[in-house]
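In what follows, subunit A forms one complex with subunit B and a second complex with subunit C.
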Partner chain A sequence: MDVKINKVDNKFDVILTGRLDTTNADQFQKDIEILMEGENPDITLDCKDMEYTSSQGLRMFLMLQKSVNARGGKLVMKDMKPQVKEVFDITGFSNIIKII
Partner chain B sequence: MEIRFDPIANKSGEIIEALMSSPDMPDDEGVLFKIRLCIEEAVENIVHYAYSHEDGWIIASTQRLGDKVVISLRDAGIPFDPLAVPDPDITLPAEARQIGGLGIFLCKQMMDSVRYEYTDGCNVFTMEKKFNND
Partner chain C sequence: MPDDNYGLDLHCSMILDDYRSSLAVFEQMKGIVMEAISNSLNENNLVVTALESRVKTESSLAGKLALKGHKYRELSDLTDILGVRVITFYSDEVDKIAALIQEKFDIDWENSVDKRKQHALESFGYMSLHYICRIPESIYKDPAHPEVNTFRFEVQMRTALQHVWANMYHDTGYKSGFEIPHEHLRSLNRLAGVLELADDEFSRIRIQINDYRRKVQALVKDNDFDDVPLNGDTFKSYLDLNPFSTLNKKIAAINQAEIQELNLMFFLEPLKKLGFTTLGEVERMKAECSEYAYKLAVHQIGKTDLDIVSSAIGLQNLCITYIIKHEGSIKELAYFFDTLNGPSDYNRQQAERIYQQVNKLRLQSIK
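Our next item is the complex of A and B:
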């Protein structure tokens, strides 16, 4: 999973590319550390090139959503591929994280 | 196809790729996505929990039966029925959701059949997926 973050003040535009799975979830957690800091973060995850996520990835997104909630911020995932969206739907994550 | 992996610590990726490259797998990308996901979840459970403090082995097999593929994972770890674990409550808000418990739930939802048995001192977890129903 390749992570590109563009930070302007408290606004983060993040492009996720590739697969998020058991082999790279730890690295992903390190890559998104900057998203876990600061007040009122406004985070958009561009998911159009995210090919796959397993429950390892869901854990990361849940952790991020909890962190954002605790800091009074916003988190949006956009342009998710249908098969990835299905993983979010089945697990109820579509109700936890705003997907547009 | 049947492959025995020993040791298995930190080998999840290798085990998943070996199974996904089996000639028994279908061509349909959408079905392969689901199969990969469920294999990852099942293999991860074994690699992380089956053998507690020591390393162990997995015998992984795939079999093509008509229009379905059967994937079976066998280990000699602690007897554990993953299907006996209650499903996570997927209606809870983020703060109340637990980290974990989602993997086997995804297998139940995405496969056509999942079953567990303890036989000859081994955990055997078997998943079946039809090709043409997606």
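Our next item is the complex of A and C:
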């Protein structure tokens, strides 16, 4: 999973590319550390090039959502491929994270 | 001594001087008192409209001394240099606040006054409870500043409506000695009567609502769902019973998945849009659709290695099954997702995908 973060003040535009699974979840967690800091973050995860997420990936997104909630911020995921969106739908995670 | 003594006589000027040198003490007292009251409100789960305080300004004190300085021997005779005001929503809460203030501070009963009880049967006007207090050493003690415990301060307690009236009355200029014509005074006092009535009505309505809540909660607790309308209050009580946990656990067991608990209150509007009006109807949907809601989940996640689900999955699949069972179209299913997750193009795709799965599974037998 390749992670590119563009930060302007408290606004983060994040481009996710590739697959997120147990083999790279630890690295992903390190890559998004910057998103876990600061008040009122406004984070957009661009998922148009994200191919797949496993349960481990869902846990990472859940952890990020909880952290953002605790800091009074906003998190949205956008432009998901159908196969990725399906993972969120069938696990009930579409109800946890805002997907546009 | 500053040049400006506001034209006060020697006695009043000395009190003003004392005030200037004691200002830091009053500011310190303000912090102590506000923290003590604020903590006490939190500990007792009391929400108030406002908690405010001020240390009287020099010019305001000078004005007061000019008018009635002869009444005071020394600065400590003035009890309102530090003033605190607690404004409540309901009239019965004023007494609760008063009890907390009594518990926290030493009360100078001789100078405290309950203006609510001062009115004759046929008169209306200023309604507020004023306590004159001292900070007890149990709250704060500093041998270098014993005045913190000897200076008195005033706590005013009243409802929001009483506060509005008091401000309006103040705005008329009574403090400046301006004499208000009798007819206007009568209008103001008549308004005080109306607000007193409104305060009582607010309290009465709150008591009725709380009674209703208790009654509904009892019905929910007794699983007497048919008589319980579906609304925010009742749905919350219903969710406290974890009505979907059996289905969720069954779905989670498909992949030995962990369940991420979620507050399901956001299902209230979608359920209403589906036409549910009582908790009894929601219960019947659960009884009728659980089997297929589970089958749908088996089909969806059984072929994956996903081992985490949210606790929304059971109710979501119940609603999907219910819509299909009642001849709902793709459009209606997409509308359900619109109300659940917010409008999005994804919702149509999700609805189409589910219908494909249903056809593949021959879940039409749901119907």
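A few comments on the model shown:
To be clear about the criterion, the second predicted complex is superposed on the first by the 100 of 100 C-alpha atoms of A that agree within 3 Å, B and C clash if a C-alpha of one lies under 4 Å from a C-alpha of the other, contacts with A are read in each partner's own complex, and residues count from 1 in each chain.
To be clear about the criterion, a residue touches a chain if its C-beta (ideal position, glycine included) is under 8 Å from a C-beta of that chain, and two chains touch if they have at least 3 such contacts.
Here the structure is a predicted model, which means the values were calculated and not measured.
With subunit A as the common reference, the superposed partners subunit B and subunit C clash. Within the superposed three-chain model, A:Q83 lies in touch with subunit B and out of touch with subunit C [touch as defined at top]. In the superposition on chain A, contact is made by A:Y52 with subunit B only, not with subunit C. In the superposition on chain A, A:V14 makes contact with neither subunit B nor subunit C. In the superposition on chain A, A:I100 makes contact with subunit C only, not with subunit B. In the overlay built on the shared chain, the residue A:A25 is in contact with neither subunit B nor subunit C. In the superposition on chain A, contact of A:I43 is made with neither subunit B nor subunit C. Contact with both subunit B and subunit C is seen for A:T91 once the two complexes are overlaid on the shared chain.
In the overlay built on the shared chain, the residue A:N69 is in contact with subunit B alone; subunit C does not reach it.
The interface of subunit A with subunit B overlaps its interface with subunit C at residues 54-55, 58-59, 62, 87, 90-92, 95-96.
Within the complex formed with subunit A, the subunit C residues making contact are 257, 260, 262, 266, 297, 300-301, 304-313, 316, 340-342, 344, 346, 349-350, 353.
Listed in rising order, the residues of subunit A touching subunit B in the complex are 21-23, 52, 54-56, 58-59, 62-63, 65-66, 69, 83, 87, 90-92, 95-97.
On the subunit B side of its complex with subunit A, the touching residues are 12-13, 16, 30, 33-34, 36-37, 40-41, 44, 88, 90-95, 97, 99-100, 102-103, 105-106, 109-110.
Taken in their complex, subunit A has these residues touching subunit C: 54-55, 58-59, 62, 80, 82, 85-87, 89-96, 98-100.
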